[in-house]
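Common to both upcoming complexes is chain A, partnered first by chain B, then by chain C.
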Partner chain A sequence: MRNRTVPQPAMSFEYIMWMFTRISGLALLFLGAVSLVMAFVMGARELLDMPTLARWTFFPNPNHVVNSKIPDVTQGWANAYWQIMQIVIAFFGISHGLNGLRVIIEDYIGNTIWQPMLRGLIFLVWLFFTIMAVFVILAS
Partner chain B sequence: MAAKFQTWWQGLRYRGGGTMVAWLLHRIGGLAMVIFVGMHVFASFLTQQFGSGFGTTLNIIYQSPYFQAPLYFFVIFHALNGFRIILLDTFPKLLEYQREVTWLQWMVFIPLYGLVVFFIIAGIVSGE
Partner chain C sequence: MEIKVKILRFNPETDKRPHYQTFRVEAEPTDRVLDLLEKIKGYQDGSLAFRRSCAHGICGSDAMRINGMNRLACKTLVKDLSKGTITVEPLLGLSLIKDLIVDMDPFFEHYESVMPYLVNDEPPPLKERLQSPEERERFDDTTKCILCAACTTSCPSFWSNGRYVGPAAIVNAHRFIFDSRDRAGAERLRILSDQFGVYRCHTIFNCTLACPREIQITKAIGEIKRAIATGSLD
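For the complex of A and B:
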């Protein structure tokens, strides 16, 4: 096979979102790993069963570990640190997911009048879900 | 109608090989996760603020093994496949070994997903 030349992209919306997809994907993997390791540090081997540990790894919300042997979730499992973690994970997750939805939609509709309209709609959905997620995190 | 069927059929017969299967699963899994996470956040909001039973109904569906098995498939596959895409984009010289890397990805995926399936089946057997 010939050597491939990789074009150097200019700064554009598509390039920034392309980069964001990669960075947020890696960040979600990393944040999941941090939640998993921290759960074991806090004694998950004794306290959690497998599905509970998986739920906590995906999203470190105290509601995800209520049905476990943890005597009191406010001791380590529910505090400002985990709230910040959850907000960061929710931001990356929602943005990564809805940007992916935008890419898939624009693959099939092409360059029509629907493209800017659906972009606007997805932006509103993104705003709605981000605000709702932060609300749920701070209230739980 | 005939023309449309023709394109669908050609699309299905297109021999993109393993990398095309990976692309398709990445896309379907991504959509599935957007729908799942979106409904989950919305349901927890309704349960938390209005005490709605909608969240509880959804949680019963989420906890069923028939929902969890495909969900874990998509999540693990999407994570591994995304990692492969990032690696090959960062080091374009590796694109020459695209096919081999995709097979390697399945070799990592199968034992990982097998473990998940084992725990799901163990949960059914023990009556959880």
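For the complex of A and C:
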């Protein structure tokens, strides 16, 4: 069969968000795996119990492990690398979740006057949570 | 054996809202639900309204909800339904006209919106536009659609928002997008990448279960999503 191709349609907002949902979903799993593996490399087998490890996996914040057997969390568990990890995870998590909410809402309302209003509201909520998350991560 | 057929009735001239009416009919296990409806209309209540034409599962007129599933009445045998009462209701998601008849206009408007016809402005060759068996095979599954609307009216995305083009329209777009003789694939993909195109499909698979022609509808929709993402029509 010969290879048939067509010029791709210009990227629509729906297409971009559809792609983003898939990429961010995979990225969250990947980042979780990275935190998990790194925790084991840093001795989680001895130092952390199961719930603490689970919390660390999905949000590698030093506050999550400070009450464990780790002698000093500033040694490896709290540094700029983990702050960047947290920011990336928070960004993907907030965006993935709120975009899901947007899709569900727009399934129902279509493009009435409510659509731009609710889309705007979700954008503001997204902005608020993202800024808050970055602030909390950098301050903690 | 005697069978109870419970039908959702609605007469727009006298009824405010639909109501159920139960009929008792003598039936063979090999009778089709359409036969039962014909018996009721012929011998018990001539005012019962439903669409049918071919009675052989090819015209797509008599899709309806039978025991809660979208089925063609002419392809559903009594023996294949659970014993007891058979419940027959009109399709969901399209407005009710009378008894089992729904307004198909929105359905066909969505169908027309994806240009369900061959587009090719190149001068035709002397005899015919040739196509290899493999190229024909590529879109064989979606040629089977009979436009009965069973898929579109089983789709929760369509129920919640009638502006979604719906699985049937996407199936018919697929039939031409992947046809090697067609030249309007890009245009159709543009139409389907819009807000009410393929991205309202959340892979619920109701359409695939509902299709009386056993078309792999969700797969076809997935292939279109992939074509939009890659531009490849293989």
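Following the convention adopted for this analysis, the second predicted complex is superposed on the first by the 130 of 140 C-alpha atoms of A that agree within 3 Å, B and C clash if a C-alpha of one lies under 4 Å from a C-alpha of the other, contacts with A are read in each partner's own complex, and residues count from 1 in each chain.
Here is the rule we go by: a residue touches a chain if its C-beta (ideal position, glycine included) is under 8 Å from a C-beta of that chain, and two chains touch if they have at least 3 such contacts.
All of these numbers come straight from a predicted model, not from anything done at the bench.
Chemist: Which partner does A:G43 reach: the first (chain B), the second (chain C), both, or neither?
Modeler: A:G43 sits against neither chain B nor chain C.
Chemist: One more residue to check, A:Y15. First (chain B), second (chain C), both or neither?
Modeler: Only chain C; A:Y15 stays clear of chain B.
Chemist: Just chain B (first), just chain C (second), both, or neither: which does A:G120 touch?
Modeler: In the superposed model, A:G120 contacts neither chain B nor chain C.
Chemist: A:G110 contacts which: chain B (first), chain C (second), both, neither?
Modeler: second
Chemist: Between chain B (first) and chain C (second), which does A:F129 come into contact with in this model arrangement: first, second, both, or neither?
Modeler: Touch status of A:F129: first partner only.
Chemist: Across the two complexes, what residues of chain A are contacted by chain B and by chain C?
Modeler: In chain A, residues 1, 3-4, 6 are touched by chain B and also by chain C.
Chemist: Show me the residue ranges of chain B that touch chain A in the complex, using the header's touch definition.
Modeler: Chain B residues touching chain A: 27, 30-31, 33-34, 37-38, 41-42, 44-45, 48-49, 63, 75, 79, 82-83, 85-86, 89, 92-93, 95-96, 119, 123.
Chemist: Which residues of chain A touch chain C in their complex?
Modeler: Per the touch definition, chain A meets chain C at residues 1-10, 12-15, 17-19, 103, 106-111.
Chemist: Give every residue of chain C touching chain A within the complex, in rising order.
Modeler: Its residues touching chain A are 132, 134-135, 138, 157, 160-161, 163, 180, 185-186, 189-190, 193-197, 199-200, 202, 225, 227-234.
Chemist: Could you list, by residue number, the parts of chain A that touch chain B in their complex?
Modeler: 1, 3-4, 6, 22, 25-26, 29, 50-51, 58, 63, 90, 93-94, 97-98, 100-101, 104, 129, 132-133, 135-136, 139-140
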